[in-house]
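Note that chain A is present in both complexes that follow, paired respectively with chain B and with chain C.
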Partner chain A sequence: MTAQLIINGLSLGAVYALIAVGFAIIFNILKFSNFAHGGFMTVTAYAGFLATRFWHTSLLATLLIASLAGGLLGLLAELVAFRRIRNNKSPVIYYFVSSITLGMLLENLMTIFFSTNFYSYPNFFPVNTIKLGRLIIGVPDLIMFCISTLALIILAIIIYRTKLGTALRSVSYDLDTSGLMGINVLRIIQLAFFLAGFLGGISGVFLGISYTLYPQLGQMVVKGFIASVIGGLGSLEGAVTGAFLLGMVEIFLIRLVGSGISPVFIFIIMLLFLLVRPRGIAGSHIQEKA
Partner chain B sequence: MKKIVVSVLAIILALGLVACGQSNSSPGKGQSGNSQQGSTGDQIIIGNLQDLSSTTSVWGKAVTNGAQLAIDRINKDGGINGKKLKLVTYDTKNDVQEAINAYNRLASQDKAAAIIGPPVSNIGIALAPIAENTKVAILGSFIDERATTKNDGKPWGYNFLIQPSSVQQAQIVAGYTMDKLNVKKIGVLYNQANAYSVSLAKPFIDYVKSHGSQIVSEQTYKTSDKDYKTQLAEIQATGAEAIFIPNYIQEDVLAVQQARQMGINVPIVGGLDFAPPFAELAGDAANDVYFPNNIAAEDPQIKEVAAAYKAAYNEEPLNKAFIGYDSILVIADAIKRAGTPDPVKVRDALEQTKDLKGTTGIISISPKTHRPYGLSMVMIKIEKGQYVTKERYITKEQQQQ
Partner chain C sequence: MDLLISVLTFTAINVIAVTGVFVLTGLTGLFSLGQAAFMGIGAYVAGLMAVKYNFPFILAAVGAISIGLVAGLIVGLPTIRLRRDYISLVTFGFGEAIAALLNQAVNVTGGATGLSGIPKQTTLTLAIVSAVVCLILVWGFKNSRYGRQCLALRSDELAARSMGIDVNRVKMTAFLLSAAITTYAGVLYGFYTTYVEPVMFGWTKSAEWIIMVFFGGVNSLTGAIFASAFLTGMPEILRAAAEWRIVAYCVIVLLILNFKPTGLFGEYEISLLALWRHLGTRKKGVDRP
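== the complex of A and B ==
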C-alpha cells in the first residue's frame, strides 16, 4: 500500500512540478507571482485539444503545438499586460493585479468559446496500466512523469549551460545592472515568458489528459503556488522539490486523515514555512519587491 | 477642462436616473389596464428561471429549449382556452440572489401564471419561502427534498418537483443494485462538499443498510480534488462487488477512469450524471456503468420529440430538455383544469396533477409532498460506449406510495 501511495504521490507531484516551474521562472526574473499562468494552461490545453480534433495529432505533436501556443501567449501577455508596468517602474502590486485579471480574462474567454461543457482528449496510449506485482502504474502518469522530467532537465541545461541562460540568471539577479552590462533585458524577459508559456503548454495538455477539459482547469495553479512557497519562491530546484513533496504529502494525508481535513494540514505546513523558513527549502535569496 | 468633464458626467448621470425612473414606471401603467394577474391580453405568461451564462448553463439552455419547444407546439394547436402561451426567461447566473430578483420580477411585473425552476437545489430551497408569500408556483427539477418539503415534512406551498427526488432516485439505484445485479457488498465514493452528491449518497447508504446488504467502505473527497486513487484503493481492499459514485459528470469521469486504471472491474452505479456525454468523455472506462434515467431513448414519443428538438435547435437534446418539455405539459394541464391563468388557482391545480403522460413517464404529483409519486426511472447500462436501456424500475415501497 505504501509503495502504491508513493507512486501516486510522484505522479501528482510531476503535474505540480510543471506548474510550479512555469510559475517560478517569472518570479525569478520579475519578482512577482504570475497568476495568469493558470490561464495559460487552460488556453494551451484547449489548443492541444483542437489539434487532436482537427489534425488527429500524436501525443508529441499535440504537446509541441500546445507548448508553442503557450510560448506565443506568454510573449503576448508580456507585451499587453506587463511591459508598460515594468517601463513605468510601477509597484509590484500592479503586476499582481494585472496577472490575476489576465488569468480571469483567459478563463472567461474559454467559457465563451467552449461553454462549460467538458471535453476529453483522445486516448493516446494502447495500454493504460502496467502492473508490477501488486503495484499499479498508470501509463499516462508514467509518460507525464518522464516528459516533465525531460522538460525540466532541458530547462536546467538552458539556464546553467548556455549564454542565454547566463543572461537569464544575471537579469534575475539585477535587472538594471545587467542592462548596463549590455544584456538586452527585454529579450531576456521575453525569453522567460516564452519558456513559462512553453512549460504551461506541456502541463496544460497533461492536465487535460488527466482531468478532462473545462474552463476552470487553470485554477490548479494554486497548487503550483503552494509548491513554490514550500520550495522557495523564485528557485527552480525548490519549485520541483516543493511540488513532489506537496504531491506526496497530499496523497498520504488523504489516506491518514481523509480528503476533507487534508487542506488544514497543507495550510499549516505552508504557514510553518512562511513563519520559520520563508525562503523555503531551497533557501533562495530572492524576496518579493515591495 | 476638469469642470467640463465633471458637468458632462453629472448630466449623463442625471439622464440615466430619469431613464431608469421611466422604465420602472411603465409596468405600473400596464397594471392599471385591464390585464389580469397571470396573463397579459391574449397571452398567458410562463416564467422560466435558468442559468444561461454560468457554470450550469448547459442545463439551463437545455431546459429552456425544451420548454420553448413544448410551448411552440401548444400554440400551434391553438393555445390554451384561446390564449397563446409565452415563455419569459431570466438568467439566474446560477446565483441565489439573481434568482430571487428574477422570481420577483416574473411574479410582479410579468404576471407569470407559473414558473419553471432551475435544476439546482440551493436555488429551489432559497425560493421556497419567498414563493409562499408571493404566491406564484414554481415547478422545478431541484431534487433535494428540502426544496419541496419543510423540516416538519409538510410541503412548501408553492414549490413543486417534476422528477423523482434525490431520495427516490437513490432508492431506485440501491434497489436495482441489490435486486437485479445481486450485489451484497457495496462501496461508496462521493463529494462531501457537494449537496447534490451528499443528497444521493446518504439515502443510498440508508436504503442498502436497511435492506440486508452491506456498505463495506464509505469514501469521500472534496470539490478541488482530482485524484481519487487513494480512496478507490481503500474500497478495492474491502472486496466491494459494486461502487456507488453519485457525482457531477466531470468527477464521475475521473473516478471511473481511475478505478478502471487500478483494475477495479466491478459494476459502477450512480446518478443521472452518467447520461451522455459521459460515455464519450470516459471512453473505454465507461463499461459496466449503471444509472437511472428519466427517459428511454427507444421510446417512440422520445424519438419524436428529440427529432423535433434537433430540427429546431440543431443539436441533440440533453435529459434536461425533456424535463423542460414536460414542465410545460404539466403547467399547461394545470392551467387548463383551473380554467384560468390565476397563479393561486394554477397552484391548486398543479397539486392535483394526476396520470399526465409526459416524455419522462406518467407524472402524478402528491399533494402531501409536492413531489411525483410512483414515477419509475429507466435503468441504463453502458456497454462498449453505447447506452443500453435495461428496464423501467421502481422500488416496491415507492410503488405502493
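== the complex of A and C ==
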C-alpha cells in the first residue's frame, strides 16, 4: 500500500516539479513570483489540444507544439508585461502584480475562445495500467514521470554545462554586474522566459491529460508556488525537492484525511515548516536588504 | 434603478475591502493572497449567527470581527517574521485552508452549496456610511505615528529597524487592522447578497484587491478608493461587452503598470486642508514662509 502511494506521489511530484522549476527560473532572474506561469500552462494546454484535434498529433509532437507555443508566449509576456517595468526600474512588487494580471488576462481569453466547457485529450496510450505484482502503475503517470525527469535533466545540462547557462546563472546572481561584464541581459531574460514557457508547455499538456481542460487549469500554478517556496526561493534543486515532497505529502494526506480537507493540513505543515526553516529546504540566500 | 443601487452597494463594500488591503499592501508592503478569506470569515460567521441564532446585525458584526481578529492573530504571528514571498505563501495557504474548511463543514456552513437565508440588512446607506467610517479610520491610521512607521518599513525595513521602530509590532497592527476591516466588508457582503458560498473567497479575489491598490497608486488612499470604485463599476458599465470586460480590465491594469508605474494617483492625496490653504493663500496673496 505504501509503495503504491509513493509511486503515485512521485508521478504527481514530477508534474509539480515541472511547474515549480518553470516558476523558479523566472524567480531566479528577476526575483519575483511569476503567477502568469499559470496562464502559460492554460494556453499551452489548449494549444496542444488543438494540435491533437486538427492534426491528430502523437504525444511527443503534441508536447513539442505546446512547449514551443509556451516558449513564444513566454517571450511575448516578457515584452508586454515585464520589459517596461524593468526599464523603469520599478520595485519588484510591480512584476508580481503585473504577472498576476497577465495570468488573469490569459485565463479569461481562454474562457472567451473556448467557453467554460470541459475538453479532454484523446487517449495517447494503448494500455492504461501496468501491474507489477500488487502495484498498479498508470502508464500516463509513468510517461509523465519519465518525460518530466528528462526535461529537468536537459534543463540542468543547459544551465550547468553550456555557455548560455553560465550567463543565465551569472545574471541570476547579479543582473547589473553581469550586464557590465558584457552579457546581453535582455537576451538572457528572454531565454529564461522562453525556457519557463517551454516547461510550462510540457506541464500544461500533462495537466490537460491528467485532469480535463478548463480555463482555470492554470490555477495549478499555486502548487509550483508552494513547492518552490518550500524548496527555497531561487534554487532550482530546491524547487524540484519541494515539488516531490509536496506530491508525496499530498497523496498521503488524501489517503489519510480525504481530498477535501487536505488543504488545511498542507497549510498547517507548511506553517510549521516555515517556522522551523524560514528559508526553505535549499536555504539559498537571496541578497535582499531586509 | 435597482441595478444602480446594487452596483453602488457592491462598490461601497469593495471600497471597504480595498481600504483594508491598502493598509497592508499599500502602506506596509505586505502581500496577502489570503485576504479574501477574512471576507469569507466575516460573511460566514455573521451569517451563521444571524441564521442560526437570530443575532441582530450589530452583534453579528461584532462577533464576526472578533473572530476575524483572532484568525488574523493566528496567521499574523508566524507570518510577520517572514520575507515577502513567504508571507504571500502563508496567507495564501490560510485562504485555501479556510475555503477547504467552509467546503467541508457541511453541517455548519452548508458546504459547497453555500449558506443561504441570511437576512438582507445591508442597505446602500449603511454600506456608504460604513465605507466613510472605514476611510476615516484608515486615513487617521495613515497619518498617525503607526502609519508613518508602516511607510518607513515598507521602503526599507532594515533602516526602519535601526531607527528604533518595532517592525514586528507595526506589521502586526497593520495586519490586524486590515483583517478587521476586510472581515467587516464580508459581514456587509453576506447581509447584502443573503447567500454566500466558499468559491467567492479564493485567492484570485485577494489578487484582484492587490491589483486595485496598485492601480490607484500604492501610496495613495485616494487612489485606492478611486481604483476600487472604478474597477468595480467598470465591469458593470462594460456589461454590453460581457465576456470581454475582464479582459479589458486586465489590459487597462497592465497599461497602467507599464506606463504609469506609480499608479494613477502616485502619492497624491485629496486633502481638504491643503485645498483650503491653497485657496487661502491665493485670496490674501500672502507668500508662504
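Heads up, the rule we're going with is that the second predicted complex is superposed on the first by the 285 of 290 C-alpha atoms of A that agree within 3 Å, B and C clash if a C-alpha of one lies under 4 Å from a C-alpha of the other, contacts with A are read in each partner's own complex, and residues count from 1 in each chain.
In this section, a residue touches a chain if its C-beta (ideal position, glycine included) is under 8 Å from a C-beta of that chain, and two chains touch if they have at least 3 such contacts.
Computed from a predicted model, the values in this text were never measured in an experiment.
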item	value
Touching partner for A:Arg84 - first (chain B), second (chain C), both, neither	second
Most chain A residues touched (candidates chain B, chain C)	C
Which of chain B and chain C A:Phe194 touches, first, second, both or neither	neither
Touched partner set for A:Pro278, first chain B, second chain C, both or neither	second
First, second, both or neither for A:Ser98, with chain B first and chain C second	second
Contacts of A:Val229 with chain B and chain C, given as first, second, both or neither	second
Chain B versus chain C as contact partner of A:Val264, first or second or both or neither	second
Touching partner for A:Phe23 - first (chain B), second (chain C), both, neither	neither
Touching partner for A:Tyr211 - first (chain B), second (chain C), both, neither	first
First, second, both or neither for A:Ile251, with chain B first and chain C second	first
Doubly contacted residues of chain A, that is, touched by chain B and again by chain C	219, 260, 263
Parts of chain B lying in touch with chain A, wherever the complex brings them together	54-58, 192-193, 220-222, 224-227, 229-231, 233-234, 237, 249-250, 253-254, 260-263, 277, 280-284
Chain A residues touching chain B - in the complex, by the definition given at the top	1, 4-5, 8, 12, 115-120, 123, 128-129, 131, 136, 138, 210-212, 214, 219-220, 251, 254-255, 258-260, 263
Residue ranges of chain C in contact with chain A within the complex	29, 31, 78, 81-83, 85-86, 88-90, 92-94, 96-97, 99-101, 103-104, 156-158, 161, 203-204, 207-208, 210-211, 214, 218, 243-244, 246-247, 250-251, 253-254, 257-259, 261
Partner chain C, residues of chain A touching it in the complex	33, 35, 80-81, 84-85, 88, 90, 93-94, 96-98, 100-102, 104-105, 108-109, 111-112, 219, 222, 225-226, 229, 233, 260-264, 266-268, 270-271, 274-275, 278, 286, 288-290
